[in-house]
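Presented below is the structure to which this report refers.
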Amino acid sequence: MQRGATSVEAAVSELKDLPYADLGFASVDHHRALRHGAPEVILGHGKTVEQIVGIARELARMGQNVLITRLGEDAARQVCAAIPQLKYAALARTATLEQAPIAALGTKPIALVSAGTSDLPVAEECAETLRMLGVAVERLYDVGVAGIHRLLHKREVFDRTSVVIVVAGMEGALPSVVGGIVAGPVIAVPTSVGYGVSFGGLAALAGMLSSCASGVVVCNIDNGFGAAYAAARILRVREKY
Amino acid sequence: MQRGATSVEAAVSELKDLPYADLGFASVDHHRALRHGAPEVILGHGKTVEQIVGIARELARMGQNVLITRLGEDAARQVCAAIPQLKYAALARTATLEQAPIAALGTKPIALVSAGTSDLPVAEECAETLRMLGVAVERLYDVGVAGIHRLLHKREVFDRTSVVIVVAGMEGALPSVVGGIVAGPVIAVPTSVGYGVSFGGLAALAGMLSSCASGVVVCNIDNGFGAAYAAARILRVREKY
Amino acid sequence: MQRGATSVEAAVSELKDLPYADLGFASVDHHRALRHGAPEVILGHGKTVEQIVGIARELARMGQNVLITRLGEDAARQVCAAIPQLKYAALARTATLEQAPIAALGTKPIALVSAGTSDLPVAEECAETLRMLGVAVERLYDVGVAGIHRLLHKREVFDRTSVVIVVAGMEGALPSVVGGIVAGPVIAVPTSVGYGVSFGGLAALAGMLSSCASGVVVCNIDNGFGAAYAAARILRVREKY
Amino acid sequence: MQRGATSVEAAVSELKDLPYADLGFASVDHHRALRHGAPEVILGHGKTVEQIVGIARELARMGQNVLITRLGEDAARQVCAAIPQLKYAALARTATLEQAPIAALGTKPIALVSAGTSDLPVAEECAETLRMLGVAVERLYDVGVAGIHRLLHKREVFDRTSVVIVVAGMEGALPSVVGGIVAGPVIAVPTSVGYGVSFGGLAALAGMLSSCASGVVVCNIDNGFGAAYAAARILRVREKY
Amino acid sequence: MQRGATSVEAAVSELKDLPYADLGFASVDHHRALRHGAPEVILGHGKTVEQIVGIARELARMGQNVLITRLGEDAARQVCAAIPQLKYAALARTATLEQAPIAALGTKPIALVSAGTSDLPVAEECAETLRMLGVAVERLYDVGVAGIHRLLHKREVFDRTSVVIVVAGMEGALPSVVGGIVAGPVIAVPTSVGYGVSFGGLAALAGMLSSCASGVVVCNIDNGFGAAYAAARILRVREKY
Amino acid sequence: MQRGATSVEAAVSELKDLPYADLGFASVDHHRALRHGAPEVILGHGKTVEQIVGIARELARMGQNVLITRLGEDAARQVCAAIPQLKYAALARTATLEQAPIAALGTKPIALVSAGTSDLPVAEECAETLRMLGVAVERLYDVGVAGIHRLLHKREVFDRTSVVIVVAGMEGALPSVVGGIVAGPVIAVPTSVGYGVSFGGLAALAGMLSSCASGVVVCNIDNGFGAAYAAARILRVREKY
Amino acid sequence: MQRGATSVEAAVSELKDLPYADLGFASVDHHRALRHGAPEVILGHGKTVEQIVGIARELARMGQNVLITRLGEDAARQVCAAIPQLKYAALARTATLEQAPIAALGTKPIALVSAGTSDLPVAEECAETLRMLGVAVERLYDVGVAGIHRLLHKREVFDRTSVVIVVAGMEGALPSVVGGIVAGPVIAVPTSVGYGVSFGGLAALAGMLSSCASGVVVCNIDNGFGAAYAAARILRVREKY
Amino acid sequence: MQRGATSVEAAVSELKDLPYADLGFASVDHHRALRHGAPEVILGHGKTVEQIVGIARELARMGQNVLITRLGEDAARQVCAAIPQLKYAALARTATLEQAPIAALGTKPIALVSAGTSDLPVAEECAETLRMLGVAVERLYDVGVAGIHRLLHKREVFDRTSVVIVVAGMEGALPSVVGGIVAGPVIAVPTSVGYGVSFGGLAALAGMLSSCASGVVVCNIDNGFGAAYAAARILRVREKY
């Protein structure tokens, strides 16, 4: 251990009052919702059913809202059997428990754009997360660039929305086109839709990061949750700008 | 939204008459067949059985021909149970519905060349797509470069065909040899056949793109459908050259 | 060409009034500044000195502000000799021409955080872009995670700023830590600083996209310009939320 | 050596009459122009000035047209000093010798579309190759997807052209959009323009191969020559379709 | 065979007395425990149940302690049925046989830090290995950098421990922070936790190798066993420093 | 088709007498065994059971020996049920039919060295192939470099063998050590054994190709068959040296 | 900014007394040497000469020892001209200023092993760093695995040393062999020596991480500094074990 | 250090008589030529001119033949100035000193086949190495697969040669074709010739490893030296087969 760093240790001692529920395998942090204004989120992927149920129960007991993402159908059946108040959205692979009121975030809805039918699981994970964060959503689905008139056809939706989230797989071209016709924030989410050189979403990701439309920002592959959360970060701090 | 772009909005307003059937999860575009002279194609990979059936039913209802690609055997059984007029080709993993007459495209057949037995699923996806596009096919299978005399043996086939599609996995050398002895268009399709450094078809893809035979063009890995569609693009616009 | 798409053609005909200056090698778009509220930007990388000078002159002639990015020292000397009003910032590798007033964007400054001294060129490209976009900046430099107390030491800066831009190379860990202590938008910019498995910034990029802090969004490697532009997108549309 | 393959050996003996000029380091094949209807092409990249001059002189001596590609400025100065009839196109990095008449190929021009100013070297390599192959060209430059109206603005060009070649770097989205509005052949050429995750053109390449527009075919990165050659393959065999 | 290397052959002849049990498919080396002070370890991954049982039986027969790693639940059931003395730890995927006394190694415990709940299987593989090597462990779980106060909160643990092992997936930022506040050895273990650009742990690995905290050393992805073994190497040779 | 290439066509016409059995999906070449002195080999991976049985039956009917590689247990059961004379080697995943005498190849055995127990499937595929090619084998298994004395212990085996084949996964270091102590041909086979940065054998492959022991040659990952075939190529042409 | 985290802010306020010299582009931390017992290190790569000189001068002024790494010859000439007390080691590419006494660290020397002559720059960067950290070094150079007797020849060196650092490029096999014959800590440093599939050191890195010798730990490619620092971490905390 | 391994130490003690010249930075091994029957080889790449001269002088002093590979023109000028007996081959980038007689190896020449003019540097490095190893060479250059008749035209060369070395860049298809018509050993050498997805020779390497011609073995990219050495390994041990 580092010598002479006593002031850091003193500082940390002040943090000891923060309320934790230590489950052995997870520190459930009852202040996070307070700190960030969001429900506690459990990433289902990589956790056992027992761990998911354990964390969710602790949160439910505290009266918090819960969002479980990346929850496959088999695991969902077991988790929902253990905690019957949870609602499972199969396409989005999310389970939610809504027991506390959710404050509305933002005065206009978010535009949620997706390129193809196969991108829907990611788009819906995003939509469910937005719902739990109090953000209204307007969907604009199946408007890939190979039929560019479908997007142009419906572009008045951008007049009545704020942040735009674009979900696309394959070549990931849609955010570039949207970024060119929209002046507000554009959050791009590559999906693992495609095969061959799609590289499980990497082609779309690289395309979006290389976008010729300036200022498009990008989330991890299939990370519909992250895009929703990023949108909420933007909306939440309105008063600061 | 972009300010001052009123003329774009005006332009788009004229597009509103294009007929769409909005299924919620997919915009079925009844004009595409008209626009491109092709049947509506459903990429089965990444869609649920419900989505495939929903789109196919809508198309069937409109009297269009339907081609479903990347349809595994389990999904095929369910889809064909729902829409019994569909015919499933197991090797090609395609299901087709042929209810409208298909106009012949091109006056000579396409040559469809493949390197090995394991490349057949991709070659047959290509052949089924060509059939639905009205293009005649002459097959030249199992003529890999390790037995170069097998290809040379049968090369008179190139005298009576137009476009050549070459399907090959492993090192993907076949298009280079074919490109050297044929003066017309050569479309190369790498397959994911192979193991180790085949990288799921990437070695073949890189080999084809790096081909020392000038002017060989390439499709995505395993994309037999795309190669057929590219051949149709070439044949369809004959009158323009 | 697509048949029957007459409405698209009609729509496009309305776009013909948009003012372009066609330089042969570039369409200089005098409306873009109007449309997006930003100066015209010239990406110096990949262009010849002649092309850069040609485009910059046309823009200067129209009275617009100009921002040239990725301008190496040799090219800068030639470009600035041709257009003496340009000011070159060597560390940021940008040249700017400020002849029109720049409207302030946002009521609070942006926090611009960087991990190490080697990240400064990217951070300064970002700062120069923000300046040209009318956004105030508060710098927080050299606060990498290996000395976490340096960041915590100065974290009151986040109380008086809005969007946070985090520039970091090597393992790219800084945005995760910042994302955990800030509730507003966090834009991460990986830099190509590092060697070996830094992979020219790819390690930092992957780390930022995989961040365990929810809702951190990411720009391309070394894309300080893009991060600034993304921040402006967020600030510009304040009235919409 | 393979036993019993006597018939192959006999066959090969008949090939012995093909005229070669053996330069020691290269077999100059005076029949290739005859066989494929194209000038002999020398890929400058990877050859010494001495080798380039040696091959070009032999071809010039035979009265053939010559196209040298990937010829940097330094090498060009030396090669053109040795063979003064050569004309060097600096942007395209090609040198050409046109001493035999070039037969026109195709009845309509090719459309040559490029996304940005930085893509011009590849586009011009393509244009120079097309010129030497007897193919007329109509250029449509600087119409990237981030300003989609620029492409739509000029799309009547597709009515008077046949094959479309699309040159684009960064995310490589342009061919998908063009492929959606054009029914004829679309040849996509990724360029190494970009930085970071552009991966020297790999992002654009992957995007083009994954294109959601069916039947777009792709050439190697920066391979403007190959795209031109592929277009010629399509045009040359018109009579066969 | 190399000529004239007679002295090497002579040297090898002296090695012939080392006791091997040759099982046909594996040379069980009864001296290794003696040489390195560790139990014999069987990497379960890539071996058949028959091979695992065969090796473990031979070791059990000799009175040695046994550690089997990477043993999935199905294989574990069969292996433990064959050798009932084995104890299976499901989360760690290890089976152990402890029949010989284990000498304590080190005078203080090791600190075992992990970032998230999903990293637990790797952390527990590490803990089980440490136990079999005679090393005491103090666990510090679920202290990822997105909630940096959780780590700072409990950092007095570093005062009473020696080597620190840090297990983390996703961006792998935790070892950099720990390396900055601890002066002793820090061994980082990336885990395959994450999705998309996590690349199965590669992002975390690259992040850890690129760490801005000097002198952090790294093990292979998910290699909890290796980290424990490395810690033992450090502790075992105390007397040499 | 290429014009003026009449001599090639004439040559090919002479090839027409080569006996083929055209099965529709495969050209079974009854001369190959004659030409190369090897049995016909069927790569099971990527073929349907029907295709494997069809080809094997045609070969069996002609009295040839048959070697089927990469035959999983499920497929093996079906194939062997259809052709009961086949013998299946489960570890090697090969099935063989030996009905014609196999001429001995080479006067000394081959040394077949492997690093660990998990490399045995690849080593045994190699051994089975060597047996069908008439090559005697001496096995030297489980002699990885982490216990270098195990290899040195048994190195007199190199005095009585000719070609050395080295099978190793993980870091693939064994061929470098063997190549340093053996003067004859060393064929290295990387295996996909390992995890994390083993990259499915790529680390071992790269290590072997980068070997500091001069003149070590390498086969594809897991390609035990190819290594055996390469050894036979070396032995078969003894009389030519 | 996070709401309600007042205790963190209080903690941080205590850190304000830590002495910083803020140079604008770098926070020079005069306590780090105190905290970690090491000289301040300046990574030359990625910094301008002005920045290096600025930081080094500030450190020199405070009486500290200085180590500059990755300092090319051109930069070294300028830096040493500005600060003449610096000594430049050309092979190691380091410059050092030793004005304060260096306390000896460890009671035995470190063994520094390297595979080939080309690995010397990395090995010497390591040696210079060790010297500045007070660690004695015994060099064992040019003992690559292709001549395994060279290593075995000199292995008594391991009896009189503690930690072993192994520097190797190409296939990176040396640490596996060393790890098998040494029971203490082995730190492996891959170098970018090699070509082709060496991938700039990635093959060696992957080989070392995949090492079949348990408990070998790895540093970034060419990171001789990091390996030295890791060794010092091990030695510095002797009293804790 | 490993306890109880006394027999290894004893063995090593016998190795101490092997004559080394210790230059500080390299162990020059005067027995290697004796052991392997080859000249001492100095890989120039990665060594300083001083190191090359130092090693070469020591070898020259002992009367040995010397082969320096990867010696660029600038370094060659300095090295040859220091040791005037060296002969530099510019195309092959090798310098040789031939002062001892070279015994002929093999009774027939090797066939050295290359695909294009740009592959000549690698082919000539191979040829120079073969010459120093006493192996006769027959060259067959510029016979790439895009003009397959050029190879077939000259294939009688395979009747009078033994081992075949095939050097090819781009797609690396040539070894597959050669492997199909030759029954003896085929050693493939990928070159870094090409651009875009050639990936610096990786496409050719992957193609050669994935070759559909059985038993083709592969060397590292551009490793002409290694291929020659592998051929010598095959020829040298003729008496063993």
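Lettered A, B, C, D, E, F, G and H in written order, each chain numbered from 1.
Everything below uses one rule, namely that contacts are C-beta pairs under 8 Å (C-beta built on N, C-alpha and C of every residue); 3 or more make two chains touch, one makes a residue touch a chain.
All values reported here derive from a predicted model rather than from experimental measurement.
Visitor: Moving only between chains that touch, what is the shortest number of steps from chain F to chain H?
Guide: Shortest path length, in steps: 1.
Visitor: Quick check on chain E against chain G: do more than half of the interface residue numbers occur in both copies, making it same, or fewer, making it different?
Guide: same
Visitor: What is the chain whose Cα centroid lies farthest from the Cα centroid of chain D?
Guide: So the farthest one, by centre of C-alpha atoms, is E.
Visitor: With contacts counted as defined, which of the two, E-F or F-G, has more C-beta pairs across the interface?
Guide: Counting C-beta pairs in contact, F-G comes out ahead.
Visitor: Could you please state the distance in Å, as a whole number, between where the Cα atoms of chain C are centred and where those of chain F are centred?
Guide: The computed centroid separation for chain C versus chain F comes out at 55 Å.
Visitor: When the C-alpha atoms of chain B and chain F are each averaged to a single point, how far apart are the two points in Å?
Guide: 35
Visitor: Taking the mean of the C-alpha atoms as each chain's centre, how many Å separate chain D from chain G?
Guide: Measuring from centre to centre gives 50 Å for this pair.
Visitor: What's the distance between the Cα centroids of chain A and chain C, rounded to whole Å?
Guide: 25
Visitor: Touching at least two other chains at once: which residues of chain C meet that condition?
Guide: Only 2-3, 5, 8, 11-12, 15, 18, 35-37, 147, 149, 152, 181, 183-184, 196-198, 202, 205, 209-210, 214, 220-221 qualify.
Visitor: Which residues of chain E touch chain C in their complex?
Guide: 115-116, 144-148, 169-173, 176-177, 179-181, 194, 196-199, 202-214
Visitor: How about chain E: which of its residues touch chain A in the complex?
Guide: Contact set of chain E toward chain A: 117-118, 120, 141-143, 147, 149-150, 152-153, 155-156, 158-159, 169, 181-184, 193-198.
Visitor: Note which residues of chain B are touching chain A in the complex, please.
Guide: Residues of chain B touching chain A: 1-3, 5, 8-9, 11-12, 15-16, 18, 20, 24-27, 29, 32, 43, 45-47, 51, 55, 70, 190, 192, 200-202, 205, 220-223.
Visitor: Mind pulling up the chain H residues that touch chain F in the complex?
Guide: Within the complex, chain H contacts chain F at residues 5, 8, 11, 35-38, 41, 106-108, 149, 152, 161-162, 183-187, 205, 209-210, 214-221, 225-226, 228-238, 240-241.
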